[in-house]
């Protein structure tokens, strides 16, 4: 017993940041998977993705009153609102030729700018408070430490969402189409479905994921003027680190970012500013051999 | 014949604009002069964006990274070591080039929308670092109290807004001239060829990754030098100067200007930045909303920039005659994102 | 004698499809070699393997007896393997002259090559005569994207020649050319320096017989026959292959 206690003591100060990292990472995963989806299937760099998350966040702040019913309501409203915003974005993108990535990205940026401004106009310039359901407001004991109950439950819920996403992508027909589209962009064109409708569907799904992340994650990355930027940046880094090829890659990258932002900062406070950069460099080092081979031969 | 006329007309417009820029500080007030100086610095970053986006075919949302590196290098140098402008511009250009060189492995094999994403991530990460590395950058408060710059050893320090503006104008004009000269050389020719058809360029025996890296580092150096000018123009810098909105605005300006034209990039970037500054002046509350709406409207009105109407330039990433080739290339780069 | 280029036991598979199944090929300096066969026989794939655009699953490609299997297309072009593509690939916003300058630069010979602009000037010197030869002198200053298909094809041939090839890979160079242009092409290929070897993929047998001194027939990724044009012309095997393939 004593030995175990001594053992836990050494890792003790880092247990809480590590758990936080898991919560943070799973949140980033749910948010980023919407961006990956949009990017991989529709080949659109959606710079308004963070704004879709912020819609969910502000909805949570406005509707949550400490009861379970309000959480269900906020989740429904947030997901629907963000999905609707995604469809609106797809509508705005319709006149632009498919494949004109630069123009598409610029348009989504304009939408992000205007959308952020509308959110501030609607909900005020101050970062709003988010009230979690009263039952989860306290803390629970984790290996002798107090830990916010909401975060613990969030970890479970987000893991369930991740598992559900995995099953949808792996086992359903829609998921099969998604995987095929990521592997072969030409294929989407051969399906006979209009690109505009695919875009609307993809952006609605991406919006729903971002909205769900925004509502559930509001107590972790809360709504505010910087939220959209933060979420967009973290999602982008997830895509750069994890690639588009596999959900496992996305999940690993998101968890790595979560740990870097929490455990990394606790372990190496002085190096904190550079850790995300270092992670990108490390991933590059892993790929370096393939790149070097190309350098030699061309 | 018609080409001759157009060339003369363009030269005449360029001379007029330059003359206007030279006399501007005696026409407008000090505040506007300072704003103009900052706009010039940003327009120079716009030139570096055009160099990558239009000439080398690598659209970028991350030129604020070398721009910030140059600005902070220049500011730290100015406060602690040297107030000589030439030294600061050189060091800032070097800092921008080093940062660009460090990120070369991330961008050299990526194309199209993937490169947009990677460069955006780089730019945002640099801003994050600037906000957190308090001991050097002053964190989100930024750096102030940077001593006035003297252009050259033995010259007096630039004490007025007019002097600072003219210094900025001279440096920008020199660097833009250098870029125009560079584009007339073999390097410029190869960059344009690579944008047209990279596979063909390889098939002719050219070392494409080397050229792409060179262009990236050169563009980084130009953006870095522009950073030094920002310090002179504003005498204060903070991470907010290098946000992702600045990147997007510059890219929009470059697209308006026709992506591959240096003059167009200068004008486009200056216009967009001026529009932003003016909007934030007259409508402080609603400026982002109006700016966002303007963004969307501009994108609809000028899908690929005004210069394209003349038929001289092609859309940025996909030249019409090779629709399938760049798409295939871009697709081929996707797996590289996997570890 | 070591052949200029040799491919041994080359095998390329695309998923379940075997495009090349153990093909051997040897080309000597100055040899004019034609590759014929029905559609899908693997002719273009073999060209891609030699040019470095496709990596074979098995087999070796050697230039002067040295293995070049690990080199990419650019490195092979610098060693003298130049090609023209089935669809003319030119730089569409560059003028015809600039296209040739770009193609000539990697292997240009300039006396003071470190002197600024000297290499480009040397490349420019190559462009004029090549444009004349291809009948493109009138359009020298026109962006290649504005040229007609036949002109683009000719421009690409001029670009391949500008790279001072030792081995020229031609993938259906006559496709889309008018009768006059085909005549010019034949003259040009006949006038090539004797040392330049040519590997020609062509459907038109009249051109093959006019231009080549050896012929390899591919079918279903394998060598069906090889020999002089006369031998191939009279071979019953080849007639059989062409009867159910391309006329």
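A few remarks follow.
All chains are identified by letter, namely A, B and C, in their written order; residue positions are counted from 1 within each chain.
By definition in this document, a contact is a pair of C-beta atoms (placed from the backbone, for glycine too) under 8 Å apart; a residue touches a chain by one contact, two chains touch by 3 or more.
Note that the coordinates shown come from a computational prediction; the quantities given were computed from them, not determined experimentally.
Remark: the per-chain Cα centre closest to the mean position of all protein Cα atoms belongs to B. With respect to chain C, maximal separation of chain centres occurs for A (centres as means of Cα atoms).
With centres set at the average Cα position, the gap from chain A to chain C is 50 Å. Put simply, the C-alpha centre of chain B and that of chain C have 42 angstrom between them. Averaging C-alpha coordinates per chain places the centre of chain A 30 Å away from that of chain B. Residue positions of chain A touching 2 or more other chains, listed in rising order: 294, 298. Within chain C, contacts with two or more other chains are made by residues 72-75. The residues of chain B that reach two or more other chains are 202, 207-208, listed in rising order. Those residues of chain A that touch chain B in the shared complex are 39, 43-45, 47, 92, 95-97, 99-103, 105-107, 109-118, 121, 182, 184-186, 229, 232-233, 236-237, 239-246, 249, 272-274, 276-277, 280, 283-284, 286-288, 290-291, 294-295, 298.
By the touch criterion stated above, chain B contacts chain A in their complex at residues 53, 59, 61, 105-106, 108-109, 112-113, 116-118, 120-121, 124-125, 128-129, 131-133, 202, 207-209, 243-245, 248, 251-252, 255, 285-289, 291-296, 298-300, 303-304, 315-318, 327, 331, 334-339. Partner chain C is touched in their complex by these residues of chain B: 185-186, 189-190, 192-193, 195-197, 199-208, 313-314, 319-322, 325. Across the interface of their complex, chain B is touched by residues 51, 53, 72-78, 82-83, 85, 89-94, 98-99, 101-103, 105-107, 116-117, 119-120, 145, 159, 163 of chain C.
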